[in-house]
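Each of the next two complexes has chain A plus one more chain, namely chain B in the first and chain C in the second.
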Partner chain A sequence: MKYKVEVRDVAKVYKRGKTEFRALDGISLMIKGGEFLSIMGPSGSGKSTLLHLLGALDKPTSGDVLIDDISLSSLSDDDLSQIRREKVGFIFQQFNLLPTLTACENVLLPLKIAGQNTPEARSFANEVIKAVGLAKWCDHLPEELSGGQMQRVGIARALVIKPALILADEPTGNLDSKTGEEILNLLKDCQERFNQTIVMVTHDAKAAAYGGRIVRLKDGRVDEEMEVSGVNLISNL
Partner chain B sequence: MLTLFRTFNLRYLSKHKLRTATIIFGVSLGIIMVVATMLVNQSILRSYRSLIDTAAGKTGLQVMPNTRSGLPASMVDEVASVKGIKAAVPLVISDTLVSVKDKPDGGLLVYGIDPKKDTAARDYTFTKGRQIKAGETSSIVITKTWADENKLALGDRIGLVGVNGIEKLTIVGLLAETGPGHTNAGQFAVMDITAARYTFNRTGKVDQVDLILKADEKPETVQRRVKALLNGRAEVEIPSARGGDVQKSLDSMAYMLNLAAMLALFVGTFLIFNNLEISVEERRFGISTLRALGLGRRKIFSLVIAEAIMLGFIGSLFGTIVGAGLARVMSGGLTGYILTMEKIRATDFGLTPQILAMGLLMGPLVSALAAIGPATRMLNVAPLEALKPFETAWRPASSTWKLIVSALVFFTGIGIIIAVVALPSMSEGFARDPNQLRNLSMVSIFLSFLGSVLLMPHLLSSSIGRGSVHSFVLRTALDNLRRVPGRTSATVTGMMIALTMMIGMSALVTSMTRLLDDEFNKMLGWDILVQTTFFNGSANVPMTENFGKKLATVKGIKAMTTFTTGYLKINDNNVMLHVLDMNTYFDVNDLIPQDGKHEQMVRDLKKRGTIVVSTMLAKKFGYKKGDIVTLNTPSGKKPFKITALINYFSQEPGILIVGRGDYKEYWKDDAVDGFEMKLEKGQSIAATSKAIKDRWGKSHGIQVREGAEFKKQISGMISQAFSLNNLLVYIALIVAAFGIINSSLISILQRSRELSTLRALGARRRQIKNIIRNEGLIMGGVLGALLGVGLGKSLILVSANTYDLPLAFYVPWPAILIGFAVAIGFTGIGSAIPSKAALKREIVEGLSYE
Partner chain C sequence: MSVKHGLLGLLAKQPQNGYELKNSFDEIAGGFWDVNFGQIYTTIDRLIKDGLAVSVSEGDEGAERRVYQITPKGVKEFKDWLVKPMVKVRPLRDEIFVKLAFMDPLDKEAMLQLLAEQRQMYLAKMAELTRKKYLLSRQAANRDILMTDLLLDAALFHADADIKWFEHCEAKIRDFSENEDDEERD
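The block that comes next holds the complex of A and B.
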């Protein structure tokens, strides 16, 4: 499935007391369906803010974000929830697993929230669980899992609703380099296997190189865009 | 340290005004109840002692009848002859009804004195007028206080309700507010003893003899001599030593108050604990920063405890002031019963140093204890760890020893309840006295409460199994409750206490009302009752048998019987005495023997020397049917045979019924307190009642009651007796709602990231709201209400056994339904604030929450 995300002249301003902080300052961006886009930039450059706007977690101060030609700024809170539920899968740096649920229960959570706990959905969930290598750890609570295993659960949870768009916020930030590599390979594999659009925020250039395109942000604006082949980029970096 | 306290603690408290106020409120709640209860007790005792002291004057000993029937006047000279006595001063005492300006005006304590002799006992000070003179039968002296209250002056006339109708007397003197003028808070009058005897049916009698002792005589020595002379015909006491009866009455009254105060303190402590936990949790970051900057554990601990002590002190101060005010309100309702027996009015509500110290220290102490948990938890967090974003870890198992201790406490409580309820023989041997049984029951209820609180975490972990609940909203709510079982159980307990009080009390009132209804239907057959007594007031003016003969001439009366009530001293207990005319009683009413042998009982009761006792009294003194008991009468010790035990609802320690023939002979009293009439078939109750009222109402000051109205009044009295409890129930419910708000607030504070994750995964606002509401509902509505009903039922069983009454447990469905509705309503309100707070936070903010 081809998918398109469009960011039109988006600004995001945070107010803290009398102080204003401009996190994004008129960004425009087009993301093609099936693309693996990496967003890089120093701290405070607006990477995570952009990711939150793409995922309908937050609303821009000005400008618009369109997913599948649907303008997010015109949607109600319930409609935004529906977009998150059906079209977006999130992968967090802190994993954000529910500590009372087992690994598999965490994976099935989006289906339960959406009320889609059908046999077909569960069968696909099993497929995903196997694909991320979690079958053995299904009944374990998050605190019994390693960082890499927790992130696998996070990825499986993002994939289980078959979202067209996967947003990953520093997915390898809390992992050692070997595990990080495994996770990135898994993401890449999923993108190819399930033909999903992936937007990944990262500090790490090696991780960014897994994407087909890199957007570098600075002070809330697009500073640089690179369209390179992964292998060449890695060697250049 | 002080600077740190000012910048770190005080600034936080002033920023979070509502939370600070809630902690202070929690402390105050318990203190209010404790101080009010102590003050009411103290005030009644003080007033009683003041009554005795002011009325006793220079009296060294007092001779009093061991029942209400009075003493033969000849006893005055008899005791005057005892060695060591300088003078014997007779008194006729009546708590009568009075009419001012031809309108009924409540009760007045009247002393009939011998003006010549009385000066030996009391010094009267007058603001106006003079003392009555001997033989001056139409004059009266009142207090200035009462005169001012009723706008009366010298020369005005007031009417006293007497056995011969209303006697009009002229005011000749006004007593100053000192000495005897202080008696009964000024509701006091003095008249000539001869006039008092005529008015109150005391011909040839006195109600009390005050003995003035010779100098150098010890009261105890003379008391022994007088006692030996009287040999049970009357009691002789040292005025300053009196008060035991009032103390007993107070013990009974104070039971509910103490229970309520204990619960209020418990609920208050829980409120403090919850709020301190939330405030400490909120400052976790600040505290850990202080620790990272080098502040020691001990200082951190001291800061938290010092804050709790300060808030506790403010709460205590507030609670003590409000408690003192509440004591005045409470005393009005609570002393009604005591007034009827002891003729006192609680007035002095001054805080003694002990009560003040208790009130002011209890708050800081309780707060400091409640703060130990949260403060210790803070100490266990390493500086580095505390600076990291936190999530409450899942703790699946609780330790076995905790489970064992919790179960032990719970089952000990339940065990005692079972022992008291199901094994009467065991409890009888262990504690026959209702007071002991009641205390035991109180301990058992407290232990089961405590046990259920301790067990709750274990029950939650095991009963709410994983995977069994498919609804994501319900499952998430349940999981959170399991995650923090300690907090959950504290909240559940808050709601449980509120609902237990609500449902338990309702069941108790229902059971008692039904029991009374049942007794009334079986035993009381009268259509009309004629009395001069206020139904629930303090005055009691007897009538004569002659008046009964006049009443009997009213058309349409099929049968009429009399009753007289009083008290009898048995083993230092004031036992209610009912005097019934056994020749006519069964034509109008009935008695139901416990063993079902009705005919035999009626036959036996028509014989002289027989009595009936209530099962409660039998239990207290170990009486059985057929026992011969010796009663002290004004004619000396007399033997009576118990012909039956009856279920008869009354106040402690129970009642004893004696035949009118025996009463007249041994007690030398023919007074009648009430005439009960059965009308001919088809005769209108209302018309007959009106005819009696028209003919004698005004001249004799009589009250005419109809059966149906009487039953309604009794039910009303029971409900009224529990009205204070209703107030406490509402307080408890509000506190429980606060508990739910607090628990949910802490919970969303700790789960900020989690809730935001759910929102990021597409959960709607409504779903998040429902998760939080479900938590509240499970805590308050389901667990709280279920345990509340269970404990309510045990309260009924304990009460039934304590008083040996056939109290059946009626499931109070209306109260349960209302309880559930109220719990759900309060939970809804309680969880609305946290859920609003949860949704107010932006998803992004929650995800990055640190």
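The block that comes next holds the complex of A and C.
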């Protein structure tokens, strides 16, 4: 079995003077291609630190992260930023769109940055823009869009580079529950339609329930891990 | 009581036999509200006794079958009930509350274990409900789908509230001690 992403005994220790804080304390995770993994946990449990390491935004103190069999620990800073540009799509709670670019320009931006602005890439981008329901809003600036529409731009922007991995950090944290549900259905669609591997950090059980596997962190460690994709409980709520 | 009104509502659409009523009920509320044949038939008996429904035969001669039919009194009862809000707030009578009430909060391990297992079970149930909702979201919208979706939402919101409460309990129980010298937490 080949894994898309491997987290091997990763620790992240922050030192301030003589005190040290172990944000991650020996985490191992295997993420299959096309899997939708939810990571839950209380604040301070290490969720965001883990997401940053998965996205090559930060380096572990020890251990290693492998994306598509590429060991991140062996890479230079330049190579890491290339991984970020070409292998990882990010979706943020605050959307993080560029305010001076239109919806579609925001979506196409990662292609330009990665030097992949080819006709094929643009035609895939058009497919993605339609798939997330943005065709009508293409020429609008972010300030003219609702929160849900902005997050659709965020999702399309993450998808265009056909990343090995999409990392979503509380993607519905700023949305009302109905819009949040639409966004989560859309993420699930990305998994189904593009066989997209997704790791989503959330503290919201309703969002986490979209994952096929739910990992719960506590004090920088994996506290619980449950496969829910095949569960069919008879019990009633 | 709502099984009664659920059945009245189904009979208001068309006369049905007990088997069909059970299927129609499951279609609307299945997955989080199990009604067995016993309940269906006792409820029907009561509807007939109260003059809200009658048992009639339907179909051509030779191929007739017995079905239940709503009476005008039943229609009125159903319509009155439909638009009236519920007077009572939903009762909290989950078994888990009773279990917790009888456990010793100083036996932290046992309590935390129970809460964690319960939380995981609810989360797995939420994943199952969410999958149903996702499949619904891919079908063309119609009013039946909307109603099923809203019922699934209700189950999800309640499970979510319970999970939040479980987590809250876990945090408080973990921190709890009767003597005050264990103050240091990060």
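In this text, the second predicted complex is superposed on the first by the 221 of 237 C-alpha atoms of A that agree within 3 Å, B and C clash if a C-alpha of one lies under 4 Å from a C-alpha of the other, contacts with A are read in each partner's own complex, and residues count from 1 in each chain.
Criterion: a residue touches a chain if its C-beta (ideal position, glycine included) is under 8 Å from a C-beta of that chain, and two chains touch if they have at least 3 such contacts.
Values in this document were obtained by computation on a predicted structure and should not be read as measured data.
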**Complete:** The chain contacting more residues of chain A, comparing chain B with chain C, is B
**Asked** Taking the superposition as given, does A:Lys162 touch the first partner, chain B, the second, chain C, both, or neither?
**Response** neither
**Asked** Between chain B (first) and chain C (second), which, if any, makes contact with A:Ile214: first, second, both or neither?
**Response** second
**Request:** Return first, second, both or neither, reflecting whether A:His140 touches chain B, chain C, both chains, or no partner chain.
**Result:** neither
**Request:** Check the residue A:Ala205 against both partner chains and state whether it touches chain B (first), chain C (second), both, or neither.
**Result:** second
**Request:** Using the superposition on chain A described above, determine whether A:Pro110 touches chain B (first), chain C (second), both, or neither.
**Result:** first
**Prompt:** Mind pulling up the chain A residues that touch chain B in the complex?
**Reply:** 48-49, 52, 55, 57-58, 77-78, 81-86, 88, 90, 92, 94, 96, 98-102, 105, 109-110, 112-114, 117, 141-143, 157
**Item:** Of all residues in chain A, those that touch chain C in their complex
**Value:** 42, 44, 181, 185, 188, 204-206, 208-212, 214, 224, 226, 228-229, 231-233, 235-237
**Item:** chain B residues touching chain A - in the complex, by the definition given at the top
**Value:** 389, 391-394, 396, 466-467, 470, 472, 475-476, 479-480, 482-483, 753-754, 757-765, 767, 842-844, 847-848
**Residues on chain C engaged by chain A in the complex (per definition of touch)** = 31-34, 116, 120-130, 133-134, 137, 155-160, 163-164, 167, 171, 186
